[in-house]
Amino acid sequence: MIKKLLSALILLFVVQLGVFSQNRQEISIPDIPGFFTMKCDFHMHTVFSDGNVWPTFRVQEAWQHGLDAISITDHIEYLPHSQDIDADHNRSFEIAKPLADQLGIILIQGSEITRKMPPGHLNALFIKNANLLEREDWWEACLEAKEQGAFVFWNHPGWKAQQPDTTLWWKEHTRLLEAGIMNGIEVFNHHDFYPEALTWAKERNLTVMANSDVHGTIDMNFESFRPVTLVFTNERSAKGIRQALEERRTVAYFDGQLAGDRKFLSPIFFNSIKIANKAIGLKNHEVKRIWVHNNSDISYKLKQRQPSIGFSCPSDITLGAHQTVLLELTGTSDQVINMGVLKMYYEVENLQLLSGENLPIVLEVANK
Amino acid sequence: MIKKLLSALILLFVVQLGVFSQNRQEISIPDIPGFFTMKCDFHMHTVFSDGNVWPTFRVQEAWQHGLDAISITDHIEYLPHSQDIDADHNRSFEIAKPLADQLGIILIQGSEITRKMPPGHLNALFIKNANLLEREDWWEACLEAKEQGAFVFWNHPGWKAQQPDTTLWWKEHTRLLEAGIMNGIEVFNHHDFYPEALTWAKERNLTVMANSDVHGTIDMNFESFRPVTLVFTNERSAKGIRQALEERRTVAYFDGQLAGDRKFLSPIFFNSIKIANKAIGLKNHEVKRIWVHNNSDISYKLKQRQPSIGFSCPSDITLGAHQTVLLELTGTSDQVINMGVLKMYYEVENLQLLSGENLPIVLEVANK
Amino acid sequence: MIKKLLSALILLFVVQLGVFSQNRQEISIPDIPGFFTMKCDFHMHTVFSDGNVWPTFRVQEAWQHGLDAISITDHIEYLPHSQDIDADHNRSFEIAKPLADQLGIILIQGSEITRKMPPGHLNALFIKNANLLEREDWWEACLEAKEQGAFVFWNHPGWKAQQPDTTLWWKEHTRLLEAGIMNGIEVFNHHDFYPEALTWAKERNLTVMANSDVHGTIDMNFESFRPVTLVFTNERSAKGIRQALEERRTVAYFDGQLAGDRKFLSPIFFNSIKIANKAIGLKNHEVKRIWVHNNSDISYKLKQRQPSIGFSCPSDITLGAHQTVLLELTGTSDQVINMGVLKMYYEVENLQLLSGENLPIVLEVANK
Amino acid sequence: MIKKLLSALILLFVVQLGVFSQNRQEISIPDIPGFFTMKCDFHMHTVFSDGNVWPTFRVQEAWQHGLDAISITDHIEYLPHSQDIDADHNRSFEIAKPLADQLGIILIQGSEITRKMPPGHLNALFIKNANLLEREDWWEACLEAKEQGAFVFWNHPGWKAQQPDTTLWWKEHTRLLEAGIMNGIEVFNHHDFYPEALTWAKERNLTVMANSDVHGTIDMNFESFRPVTLVFTNERSAKGIRQALEERRTVAYFDGQLAGDRKFLSPIFFNSIKIANKAIGLKNHEVKRIWVHNNSDISYKLKQRQPSIGFSCPSDITLGAHQTVLLELTGTSDQVINMGVLKMYYEVENLQLLSGENLPIVLEVANK
């Protein structure tokens, strides 16, 4: 009888879902030549470890926030809800998968290998059976991940709870690196930036990542920007992401900043902006204006790094997201009229190279 | 060994919590003479029935949104997560209670008795053991609720999945009413308003309620306002709420509107606003200005219902939340100079009486 | 000596302007086949009549708000600042023109012929000398405008100060129409919509317009949307606008709504949205989802106007500005699998035809 | 005839004003013991010098933004609109005064004495006749201001156009100071902070000020906060302001920061916040929570400056504007249970003393 009642109820809920409509806010960051720019978050939790939400919620949330791919990485070793939740380590993935397929979210199976430092916490993506990662010895858990073909990265390497004073690289990380097990590193996790991780990524050829590590909801934990790993792929698929991670084609995006290799940052910047003017014909003592439109979600903060020849231009510019900025150029020399192209030398303060330096760029406008 | 590892981990998490600080956004609606105005939501779900969040999340969310009291009302009969969650019907309350105590949120134990129409869905608040409500026969479930001393109300009476065409009152509801079991009714649930429920509340002495019935998160489901039941209590406690519900001292607050009895709406309005001016000395053909400050979160929309004697005033006024509005009065008769008090006759379009009519009010300012 | 001091000061201010940079927020409404969609406001005031801002401010404001063209239409007959401002009727145009040229704003010379009803207030655009419009007789002022080649339209035809009870068409308007002087009409002015004007536009072949009539600032007078006349032009120039106005290629855009001819509304809608799916292969009893992305600033509100054949779809949809919406289609008949294209029948509630009816549209998705 | 027409028109506009209603957003910063906290802006321009708005607009804008008093300080020596505006230096005050009286804004007559450096630009408040300030010699202009009983302060002392490299105090300023002419200084102007001015204010007994120096509109020039000079007065009047300025009872409020004397900053902070808890009874190894509510518009950023005895508390706290923050205290010693009062030692990072240091504060909660 309860069963019959239940099926009547389920029918009601199905009917209700039949008029489902909801909104997705796309993230506007341009593709770059040869690659799609995919927006991914590879670190998050559900009630199946110490998170506060059901696995399908993670998919819905990711869809609404414009992500292309996520990985639910519940802890293997830390299960505070186990008194009430009776499930194996693959369940959060299994529960989330059907909705991910329906919504077109690429769901990558993952788990967090959760140990004290060293080696701290590691995420294993593209695993096949999370249950086999439950080992007493952390090294064996990592070996198992490798055996399953996982892509493994070091989470929040400077987390104060594990590295209270200084952010150290331990010999265990060298061991993981040399064994070809650990290939990536979070330079940003939740609200924290780890500049050391950027240096290590450069020196040791690690893939940079920025992930939310969200336990509650993105809405409650992040005011405007959620951390995202931008992945530059040949195809919009799990396979494309896998290959890109292996080939270090990523940029960390967090707090309105990007950190990564120049070969990705530079085309993102130049594919975001457009200078509307044709030749401006600037002469000495004259003022001409140029229009710079930024079609991306990122507000670029430019700072002049050296003077231009024959004219002056603003020392600080903010190219606001989805805005057009007007720049005034003033001729300061008689030479300027003969210059075919006017070059303005800036660095982008919120685009950071692996060296920690800002991306240098040159804005150009034809003069005749 | 895993145990030792675990305890090390738990220690880390406790340390992290030790620097916990978070923000609560208070709801500014004034108390009224003789009563506290408590902000309550008596209808919500967790992963323990068909919700998407862990019980503690509901408490944290309520705290941040400025609520005073909530009830988690997981379904007794509908448990779609039962494959993974192995728990009895009291668990969501038990899990949420310690955090509620720490945060000062009054948590009222409740359950949703979930049946097809009639009688549809009913919430039982102030129950002692939710497990005993699991009965094949809905009437027996209701009797058990009564036996436990519950306050029972009818949820979303016009829910289209159960009442697709017209919102009917069934003989089963008369039976519940006459047995003294059902004492309240939702006039607003989630995003839907049921005007019939307002009429029934008036005719049959039911306590009006507005609740979120949230399954996911408030942030995702509601843009600005979440539905709230305002409860007017003698003391800020579960006991105070209980007594107020029984004595029908509530107002439904939803979508920037209030619905309820004039004896509550009127003092809320007048305790929200303040006219700054002393005597204004308005004469014929003159214009004088008065300042009306609204110190509440509710933007009141006023519409003139009859002309004033001796002067004119704006026909439509919005007293914006936390704003001061300037009103111009223009003398239109020589009589006006002799009037001690100038009276302006409005109705408040977003304060609705049980009759469905708008609350009439009179603004007064001294003239000499 | 004061002169020398002055020139030193001016130098300072010029230097300051040399580092000028400011933001423009583009309005995202798509072009339509064969035409540019230009965003124009043809009605506004400055301190040279009864406005509160200097003429250059109107240009700067328009630039920041993403407009393509404006006309400053100071009153000829109403000059409340004349005690302090000693200038002829062409000055506001002359002062604003250089900045308009620098910023790329098309500035159309205009004036407001300001009379009691009938004929009320009329704007004359594309005039050559505003001073000649100062005539005692309104008909002579209009004839002069025509002589200068002006495009003339009737402002706020239902303004309560002039038409307190009903919005009438006077014989004077027929006279203007028949003389070929008056060719357009504001269906929206400031905050007011005049549905009668829409009907007259249809019946009498008038160009529809929506303008701000701003006297203070747009920021203070409009919360989100400012009224805009969308003009569909062959070229992005004053000439292109002139021709489009004459050929009635306009749509009124106000309060998130569009009003105008179907031949413009329909391509605006379909150029704003994109359905991502290829063939979805929907079968009976199945649910499939389709993605609809809206790349414009307009949130479209869709209401189903008749059922689809073989499947059901949501009855109400909001295609939010710059958002992707997910729609669930449910197979309700065995026929559906054989249908090559699934058609969904909606009307767009915020796109209004000249008849006052909503724009009907058909959404289509391939099924096999 | 034109005259008759005109009077008909004026009537229309007066009628329109008769239904005037608009909103004022109050600034929530508490009064302090013995004084009202008045919000003032003593530096702004209109079309009567190089501003872009009509004088009444400044009053309306100030009213809407919650100010108590303003001074319109048009330049005496720089009049770029003089070709079109034929008026003396008192006109902007005369035009604005009637609306200021109607709206209850205290309008203080002022002018800007505008010279190259030294002495740069000076504002003279409480003058009686601005025309007499038009002198070739700057010293004579200043003497005239003094003769009229003006309160004079130095504007934007580090303005780059006049002090491009370093912010210098010139002998001319010493002369002004010693002659008792110059009594105040802007530590903040428009978007720029001058830390040197803070030091000089301390060393030379100058009244600190923060003003907008707005030429266009506040909405276009400031995103959230407009600079405001907080003036602590005995009465809410021009006289009260005058006396407070002379007695240096001011604080500069800009960009979410306050700068001024400890005797004002400290009571502002403590009158803004309220700790809800009574005795908390914290023991060793226990965690207790306290609620801190901030009822002001200022978000206070607290940083711990020394550890507490017997317990730990968060090292960084943001007491968000109009929010309640929850703080966790953890007992770390057996002594704690015997402590009658728990003291937490912070500095408020956005409350700056004249010395440039942050305001130190002690939060206290009873323990038994």
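Things worth noting here:
Note that the chains take the letters A, B, C and D in the order they are written out, and that residue 1 is the start of every chain.
Here, contacts are C-beta pairs under 8 Å (C-beta built on N, C-alpha and C of every residue); 3 or more make two chains touch, one makes a residue touch a chain.
Small disclaimer: the values here were computed from a predicted structure and weren't measured.
Number of steps on the shortest path from chain A to chain D, with steps defined by chain touch: 2. Annotation: 40 Å between the Cα-based centres of chain C and chain D.
Chain contacts: chain B has no residue touching two or more partner chains. Checking each pair of chains for touch leaves A-B, A-C, B-D, C-D. Contact residues on chain B toward chain A in their complex (touch as defined above): 1-2, 5-6, 8-10, 12-13, 15-16, 47-48, 50-54, 56-57, 60-61, 64, 77-78, 80-81, 84-87, 91, 95, 114-116, 136, 161-162, 216-217, 219-220. Within the complex, the chain B residues that touch chain D are 17-26, 63, 102-104, 287, 289, 291, 293, 312, 314-315, 317-318, 320, 322-328, 330.
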